[in-house]
Amino acid sequence: MNIADCQTTLSLHERANEMYQLIAELYPICRSITGNGFRETLRRIGKHIPLTVHEVPTGTRVFDWTVPREWNIRDAYIKNSRGEKIIDFHKSNLHVVSYSVPIQQKLSLDELKAHLFTLPDYPAWIPYRTSYYKEDWGFCLSHEQLLAMQDDTFEVYIDSSLEDGSLTYGEYYLQGESTDEVLISCHSCHPSLANDNLSGVTLTTLLAQELSQLTLRYSYRFLFIPGTIGSITWLALNESKVTNIKHGLVVTGVGDQGKSTYKKSRRGDADIDKAAIHVLQHSGKDYDIIEFFPYGYDERQYCSPGFNLSVGCLMRTPHGRYPEYHTSADNVDFVKPLSLADSFSKCLSILYILENNTAYLNQNPKCEPQLGKRGLYQMMGGQADRKTQEMAMLWVLNLSDGQHSLLDIASKSGLEFSLIHHAACLLATSGLLKDGRGL
Amino acid sequence: MNIADCQTTLSLHERANEMYQLIAELYPICRSITGNGFRETLRRIGKHIPLTVHEVPTGTRVFDWTVPREWNIRDAYIKNSRGEKIIDFHKSNLHVVSYSVPIQQKLSLDELKAHLFTLPDYPAWIPYRTSYYKEDWGFCLSHEQLLAMQDDTFEVYIDSSLEDGSLTYGEYYLQGESTDEVLISCHSCHPSLANDNLSGVTLTTLLAQELSQLTLRYSYRFLFIPGTIGSITWLALNESKVTNIKHGLVVTGVGDQGKSTYKKSRRGDADIDKAAIHVLQHSGKDYDIIEFFPYGYDERQYCSPGFNLSVGCLMRTPHGRYPEYHTSADNVDFVKPLSLADSFSKCLSILYILENNTAYLNQNPKCEPQLGKRGLYQMMGGQADRKTQEMAMLWVLNLSDGQHSLLDIASKSGLEFSLIHHAACLLATSGLLKDGRGL
Amino acid sequence: MNIADCQTTLSLHERANEMYQLIAELYPICRSITGNGFRETLRRIGKHIPLTVHEVPTGTRVFDWTVPREWNIRDAYIKNSRGEKIIDFHKSNLHVVSYSVPIQQKLSLDELKAHLFTLPDYPAWIPYRTSYYKEDWGFCLSHEQLLAMQDDTFEVYIDSSLEDGSLTYGEYYLQGESTDEVLISCHSCHPSLANDNLSGVTLTTLLAQELSQLTLRYSYRFLFIPGTIGSITWLALNESKVTNIKHGLVVTGVGDQGKSTYKKSRRGDADIDKAAIHVLQHSGKDYDIIEFFPYGYDERQYCSPGFNLSVGCLMRTPHGRYPEYHTSADNVDFVKPLSLADSFSKCLSILYILENNTAYLNQNPKCEPQLGKRGLYQMMGGQADRKTQEMAMLWVLNLSDGQHSLLDIASKSGLEFSLIHHAACLLATSGLLKDGRGL
């Protein structure tokens, strides 16, 4: 079974429900860029796909960076003078600024305020904050909670540890026919945030599971990494493998109800760019294509000038463009099975194109071949769309000159890739085309 | 006399009337892709230009195709049980599906209906149908005729023959100064259809006649061929001549009242494309430029990847975009002398550009030459357009650097080619330009 | 001090007033393409900058042209039969057609009229006319003056001389770090015309004065020349220096109230084009960018195909597009200090870009460098625009691959050049970039 077969047989509805359940399962875990929350997340992903878990020791030099100390947290709260926990880590792991150092102290409200973060514009939501590279501590809370705090003496307690340990990431390498590979990368370091993190994590997991059952032209590498430091670490430790990466996608924020957005690779005209644009253009739905810019997710590293990989980013609403982004409102209700299903389907369609985007050579390049005597006018589909299908064959024949891939032909003709691909298969079977993959 | 002189002296009105009369003369003949109708058509064209008639035997292999058997028809009708001819080939040769095999049979209405073709949306019109590569027979009739047919026993009679013979085509090669040639091709295989066939045939005939009286830079090859199989046959039998073809036009459907349409060659930026686009842009009339697509007329073959000739297609309303297309309504009344005249004039303008599109070399490339001391400010036309004409000279001087043809200069300056050409001639006469044709 | 420092410290208001005063001072002088008016103009410019005055003898061959005889004028008038001066050169030097030969004659009104030029559409204005290359004489007057003339015998007197002498031009070469140079050219041959001439002359003068106090990467060459024949003469006599000219600007018509217009060099994508377009795009004001055409000012010569220099033209309303052009209405009131200030500022901004448009090489091209540990997040400006400034650093790092200049990066990122430049300086100081100027 290949991707095309998979596309026709698979139940998107089922996949969406599985993704949604996995999001719900992973949501309560307190992840950060290192630590046990990340490990636990990988353990659960590992039930779906044969993940290799890597541990990279604190202090390892990775290009200009150093793998940081490992952070773990067990408990944290703010108590008022009556001993009531007014902020409790166990109610939401967003309450603690990620990488907060341990603390146990009594503070006045004024002293405490320097360590409190709220969103006055969204008074019911808790913000998400980190302090990875500067030793500090802090609490995030809703603005309503802050306003309710009277002048008092507060007990602040964070039972965390920041010690030498390791950075953990998960990797699944799926061997295809070729050593050329497609990279699928998702950051997996956010705590209870559903869209910005878990939507990408679960889509990548189920996509990997699905592909593992198929016959594939490319090999696939799935990375579950902490953002920024994770991709830098992987690139630093795997430099020799990088030349195998022919195409790549960063998958993130794929569960909200916004339209699909594809951010181009730094190259701007890589096959992954053309494939993703084709899929969105033919999706029948609204979409956005945006140019590469050196901000966002791990495409920043994959597309740094020293690598310049053909890696784009598939998402729905871009980061920072929806108010729920990096707040407690990016919860399990914020992501929708229908959006997950649609994003999953678009990923499959993009990979279907990459897998089948061959450049053929017309074996009868002088004048058109006589399709009728080969029965090629009848072989494709129903009468209604016969004309489109004949056009697809004529386009493939006309442009299979060694200069145009099937994706180029789809683009020039305005026809969907699958039509062009199907036409090419029929023509190849009839001996009218020769696979010029190695061109 | 050259084309420019011809353009100023010729009576378009007379040419249009001659074309129109020739359309009327050729209209009744029952043409098909082979047979005596085609031969008779060429015989009449041969009264206007010295046509060479080629006969290619049935069975000749032409690339992936085989020259088919020759079809001829003498009579055909459907009689009702009262012996009345309700459908009569002699009233319209569209009544018989082209390449129908001979038949004489009695049939019920139901049995007959499988062989009858009508246009329910245009109940008064007879459709045009062919069955070249599948042995069959059929009648085309108006939907009104069909509705008038009562249940009855019908006598069906087609006195045709489908036998070994030959494919006929006409060719006129007009020697110019150079062996580089311009191809003008028209399909001539349609029976009583005035616009889709005869407008192109007659324009090509009169254009050839006109050019034969002129001094020409290029050699010209005019082909009167059956559609598809004719161009394939010519290409297969004349492969060695193909490299001489520098520019080409398929001329077809040039008599209806729609705006002029130019379909680009597969190359998309060939000189023929630039020339035709320039002419339409400066025509002062509405027009359409369309990209190449591998469907339509014989440009499909000339632009197949193994040839990829610089051949575009000049028409008015594209095939299939007007309801009269391939029906009895595409009759002599459907084409208009004014449209024929306009199309003829545009063809001449395109050829005028090709004939004169030289790349000159400015002999005084450092700073402007002093035009005044050479009297060049006064030499061109009246005071009113002197400024435009001086601009034309300055543009030609500035861009005659070996990288720009006169057509490029016309395009960059926005000025009409004839202005640019006239300016270049004056400058060349003054020794300020050197003909760089051989660049 | 460099241009950036100058931009922040200089008083545009003061410069505008100086330009305006210099325009007023130079306005009454009767300039032509040769003669004492031109010399007197250079003498006064020479009080501001150390100008070298060149004299090129009449008869000198300069490419296709010959340096003309020198023209000087002392007096001219038309007297009526009552001895009243009805037209007096001393009231406006526009009254005499430039290069008029000496004359003293009595004429009837009819005979005189062949030598009188007016603007019927602007009856109060005197036109500006020349007859450089055809020996003739004439008077320009307002149409009102013409209408007031009764039939009479008129005494016509022009005390001019047209004799062997020389063509005069001024040049100021300002040595920078490199022998690569920027050419700033203005025509200075028009008599009492304020915008079309003196605005460019005075802006060039004050720009030269300003730059002479700065540390400069490029050398600068300022030319004060008669139009057309002046640039041709300079190019002919200085051919060996031409290869040093890397960028250039013709400055003219920069004092009217119209929007800024930049006319591209013939190359169309030279750095001067990109820099000027960037400045206008980020000016926050309306502007026009126009393609090169071989008419206008001395860019016609600099951009002739044998030189094809990267020279554009900065102006406000293009020549001929305002009714005051080449009339007595282009007077001191027509130019505005605010417009002069704005044009001056834009020139400085363009030169600031050229001076700093380096291509850097990212020394840490694999993944992003860790900016935080170098304190680079805090080093730029206030909190408010910190995000934009971080983006500028990320853009510079991402695109400093040897293929992109800072101007390219500004263009791709949409950020202002100064932001990009500032970011690059910080990164270079941190050792993250290496100056790749010599790429």
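We call the chains A, B and C, going by the order they appear; numbering starts again at 1 in every chain.
Rule of thumb we're sticking to: a residue touches a chain if its C-beta (ideal position, glycine included) is under 8 Å from a C-beta of that chain, and two chains touch if they have at least 3 such contacts.
Here the structure is a predicted model, which means the values were calculated and not measured.
Visitor: Considering only which chains touch which, label the overall pattern as line, ring, star, complete or other.
Guide: Complete.
Visitor: If I superpose chain B onto chain C using their CA atoms, what angle of rotation comes out, to the nearest 5 degrees?
Guide: To map chain B onto chain C, rotate by about 120 degrees.
Visitor: For chain A versus chain C, which are copies of one sequence, does the interface use mostly the same residue numbers on each side, meaning over half shared, or is it different?
Guide: Answer different: the two copies use largely distinct residue numbers here.
Visitor: Cα centroid separation between chain A and chain C, in whole Å?
Guide: Distance between chain centres: 55 Å.
Visitor: Pull out every residue in chain A that's touching 2 or more other chains.
Guide: none
Visitor: For the complex, give me every residue of chain C touching chain A.
Guide: 362, 364-370, 372-373, 391, 394-395, 397-401, 413
Visitor: What does chain B use to touch chain A in their complex?
Guide: 62-65, 133-134, 228, 231-232, 235-236, 239, 266, 293-295, 300-301, 303-308
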